[in-house]
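Each structure below is given as structure tokens.
Both complexes below contain chain A, partnered by chain B and then by chain C.
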Partner chain A sequence: MTAFTALLKREVFSLLVTPSVYLLLGVWYLLNGLLFVYALDFSPEVQSDLSLLPQYLFGSSLLVWLLLPAFPPLVTLRLLAEEHRLGTLEPLLTAPISDAAVVLAKYLSASIFFLLFWGGVLLLFVLLASLGAQLDWARVVGGFCGAFLCSLLFLATGLFASSWSGNLILAAGGGAALNYLLLFLPAITENADGAVGAVARAAHIPNMLDRGFAAGLLDSYAAAYFLGLSGLFLFLTWVRLVSRRWVP
Partner chain B sequence: MGALNRRLRLGLLTIAAGLAGMALVVLMLRALSQPQLRYRWDFAGTSPLALSQRSAAALAAMPEGSRATLFLDRPSPQDPLTFYGSAVYPNAYAVLRVAAEEIRIQSHGKVEVQVLDEFTAPVKVAAEKARLGHQYGQMVYLEAGEKRRILRFAELFRIDQPVNEQPARLHSHRVDEALGDAALRLGRGHLPRIAVYSGLLPFPREDLGPFLQLLASEGYQAAAVESLPGPGDDWDLLIIPGQRGPLLAADAEAARAWVEQDRPLFLALGSFTPAPAMEFWNQQLAPRGAAFLEGRVCKKFRGATGLTANADHIAVTFEGMQANHAITADLHLDQRWLELGSAQALDLTEGSVDYARETILWLDGSAWIEPDELQPTFQPSSRTPRGPFNMVVATSRWDEQDGGRGRALLSGSATYFVDPQRALARDFLSSATRWLLGEDQSSSGLVALQSLPFRPTAAQHARLANLSILALPGATLLFGLLVFWRRRR
Partner chain C sequence: MIRVDRLHKRFGAVQAVRDLSFEVPPGEILGFLGPNGAGKTTTLRILSGFLPPSSGAAAVAGHDLTQASIQARRATGYLPESFVAPPELRVGEYLRFRAGLKAVPGARRRRRVAEVTEMLGLGPRLRQPFSALSKGFRQRVGLADALLADPPALLLDEPFGGLDPLQRQEFRELLRGLAHDHRKAVLFSSHVLPEVEELADRVLVIDEGRALALGSREELLSRLDQAPRQRLRISGDGAALGRKLPEAFPGLEVLACDGGELLLQLADAGQRGALFRWFACRGEEVLAFHPDTPTLEDLFRVLVAGAPGAPEEAA
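On to the complex of A and B.
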């Protein structure tokens, strides 16, 4: 446990002293800020009722469709691919810490860091409240939880892509591609008949965010979907790392 | 060769482990998607969630292959509920999207849910609109086989109308209750029974078929009856779609009893109804404060060629519809019109203090009554009575309590019964039926919705923009730059 905590601290610190992630964070804040001001400026519906705002920022907005799948892999791309590239992965995997703990520590560090991403968006609501605006905090907090759960999944796929090789572009591109697949495939096949349509509807992420969390609802299935799939990709990452030992 | 073999084994092993993990997750998610294991907590307390046990049970009891179609397309810019940047529709749609998800979950997959919104292919939306005969204001169609329930905006949501350039506001909804009622009706519950009197029809009996079909498709149990139901019969509504002669003694007695018992009645007469028959009804309805007037109502109209003509085939435009009555509110909002033929007018009389009466449809001063029914000239003269005329009057008890008891709808024309597949007539007939059965008045299950308007001042706006677009991203980038500089050192 001590080794795990030490590794987690090291990973979090490593992210905190990486300049490129601040660039990501800055761009993320800027895009969210623009969307926020746009919603307040050009959407009379939002001005008429601020309870619609969480759906703009945490629901099925442009941000979720285009940006959210791309950012988490950019955060996770270095976690394993960089170690692979620098040749420090083997020593790490032979250190007195389990492979699962390595994967988990790297994943948790990215998740903790990603809280900063959504925390900044939450700050926009606090800013709004400080100007005297009344907010539906249930929807804001619900939306935040949903968006963060969704990010956990996208971070897990990013980490999985990062485990493929030492190629950083492949890690970022592969993670983003997986995320877009998870997002778009169900949306495209949602209206199909039979089992395909049923599966697509059960895996429709924007619906889970828009019709669930950002509407002020906590859906046990949606939470299980995000956490379950995150677990699956973490497992696949672990399998990817340890499989080389299985076959002599 | 050995390396290749190792790689192959490694790959197979990885794939096998991956598939096993995937199977496990899929099984877990499948189990957790079952309604009994799925929990949805409503933090906000404003969603139709979780659907009440009653609604959930009703949805679960619906037959396999049932459908729910939700029309959440862009509202018309002429709709007053969109004026002044109103958030009525976005809010209503948000509630209905959640409800759609609930229907899907609670029906155990028996109800196929289809949400048609601005992102759905227009071809598909148009096809569904044509299939269902969709009209503006109709939000949810719940279908079980041939039976259908339509939930209109007004039934689902309560709003404050826009006034003084203030946007309309959605203040509550009753989606759960309305869905539950509709599902119960379609699934296994009691279907309201409607008797349609066909003994003295002014048109061939087979022409009544489409109207009976319409009632059945709306979820009612409707039947044509040759004689009027007696006091012991358990019909919920009596419709008389025109009467071309006086009632037989037994039927007259049944009609008297029906009216005295304040049972819901939809009575449509016309200029074809002989005076004694009309006088009979005027006597029965005297306490309600409405009476049919003799003579055929005519009005000038502009035909397709642009020429002005006079005829007894008249159209009541939305300006002649009561904007605030449950029957005509949607028609008025949508600026629709209704055709009436062989029509007679109604007079509002003193009546009993127990009853309220309201004109639902009327014609303006350009209409007149053709005095000679047998040899009409279709030309108004100085002696002919001129409009405005009441064409349809609704009466109800002031102290009405349950269902539609005490309600009556008196119409001066019956021609719209013949062709109810025409959208205009169909919507009028179905709204009228619902009102008569008291289905409009339910306000149970209302859930209050918060409205949180925010119109920032210029200074507030500048502060918001500066902090969210400049300060927060700028500070982050600056910090990143600092980290970069420190690391280089």
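On to the complex of A and C.
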């Protein structure tokens, strides 16, 4: 077993035994369940065309706008900030493992764990299909992939915020603030003229989710956008970890 | 095994380590002695790979800390000053995780964890969460962690903190065994002088990040420019006799007198026999009579507090 695998296993295990994460998961399932029931019972659009349901749950619904930016930082806050607060960062960073491997293992563990969040939502569609509903599975799977890719970006910003100090509130709040900025700034400025408007439209996350993935399309631009920005924030996390050695 | 060459570390305007050079060969215990804030922890953190040096070089088992940090860390077992493990993990889980992190092969991992836990008396604690352990057992877990990969070099920052006298004794014996029987290079820091005096083969005294002296206890103490001292206890009035002593023994000084207890500074060691006879001739029963040998504490006071008689700076 490599040092990377050992750390990844330990981080996944750590998330699995953290009670607060299960509280988050419960709230997430509850809200998504309510939205699912609401869409089926009260949305005339969905009632007339069931293929629109993935757009509600994986696309630009209220949940994506308000809750998705806040949840990933609540999962990642413990990954580095908690280690810093407890004093366990020193034993970790003096073990024979590179800083890049530490960042990647922690990020991957949070990503694996976050699959549980979206996996539960996906299960609602499986449940619906088992009751005889005719679903457009391209839209369901596409929506799931888009939402998960977006979550990968929000987990990366959360990890970056978590690397700054041992203050858990700053780690969660900073990550959520970054995510809301990534979500709202393009939405606010998309009608601006010139380059600003063009950049805002190119970075409009709800559009990417709603018109691309949740519509059953594999949007390679959006995938590259989410993965590229995730990579950038992981790189910044690594820079922060390395710089912490120079300025503790 | 551990080599430090002209090491400097600066934090902004603060120079934490200045031009520090020393070596710890295999099988030796080097005690790192200095007051709080002397630069001991910073030096150990550099050697553990946690902090980079501002300039100079440091290597463990031939691996340069800046060029081959991972290899150097693999050759090092490090116990930080305030060792903490994740509170949710049980001792056994933590040690197995650390063994994996240190790339101890899977087949050997359980055996190695069993070996170090047995060596440190942690067997009954394996199922306890780290947060439930006393300070002494936490230190043992930290040392077990440092020993897991059987590294050739050990760096221990204030390893005796929080241990009771019995645990200290066990710890000392364990470290002696590791250095002398298993040929490990051990560098440990402390500001508790008797610990260093009792355990270290050589001592490095530092203050304000600078090496003040380096050598064996005997070498260092021989550098103290100090006249022989004699401590004695008599049955009679020490004060009255003490007043007569300087007349009878030219160059002798009475440093302290408390009832029948006297501390004398002799002009030379030859005065000891004459002194004993002098008391006997006056019908005084000498209850105790032993030389007052200088200790590392005396040297430390001279070096760090700048007391008179300070020796030249060590090479």
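Note that in this section the second predicted complex is superposed on the first by the 242 of 248 C-alpha atoms of A that agree within 3 Å, B and C clash if a C-alpha of one lies under 4 Å from a C-alpha of the other, contacts with A are read in each partner's own complex, and residues count from 1 in each chain.
By definition in this document, a contact is a pair of C-beta atoms (placed from the backbone, for glycine too) under 8 Å apart; a residue touches a chain by one contact, two chains touch by 3 or more.
Here the structure is a predicted model, which means the values were calculated and not measured.
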Check whether A:17 is in contact with chain B, with chain C, with both or with neither, and answer first, second, both or neither. both
Can A:40 be said to touch chain B (first), chain C (second), both, or neither? first
Return first, second, both or neither, reflecting whether A:119 touches chain B, chain C, both chains, or no partner chain. neither
On the A-aligned overlay, A:98 touches which partner chain: chain B = first, chain C = second, or both, or neither? second
More chain A residues in contact - chain B or chain C: B
Common interface residues of chain A - those touching chain B in one complex and chain C in the other: 17-18, 246-247
Flag every residue of chain C that touches chain A in the complex, lowest number first. 11, 45, 48-52, 70-71, 73-74, 76, 78, 80, 82-89, 97-98, 100-103, 106, 145
Which of the residues in chain A come into contact with chain B in the complex? 16-23, 25-27, 29-30, 32-34, 36-37, 40-41, 44-52, 55, 120, 123-124, 127-128, 131, 133-136, 138-139, 141-142, 191, 198, 201-202, 207, 210-212, 215-221, 224-225, 228-229, 231-232, 235-236, 239-240, 243-244, 246-247
Of chain B, residues touching chain A in the complex: 6, 9-10, 13-14, 17-18, 21-22, 24-25, 28-29, 32-33, 37-47, 49, 84-87, 89-91, 94, 97-98, 100-101, 104, 109, 114, 124, 167, 169, 450-456, 460-461, 463-465, 467-469, 472-474, 476-477, 479-481, 483-484, 486-487
Residues of chain A that touch chain C when the two form their complex: 1-3, 5-7, 9-10, 14, 17-18, 86-88, 90-98, 245-248
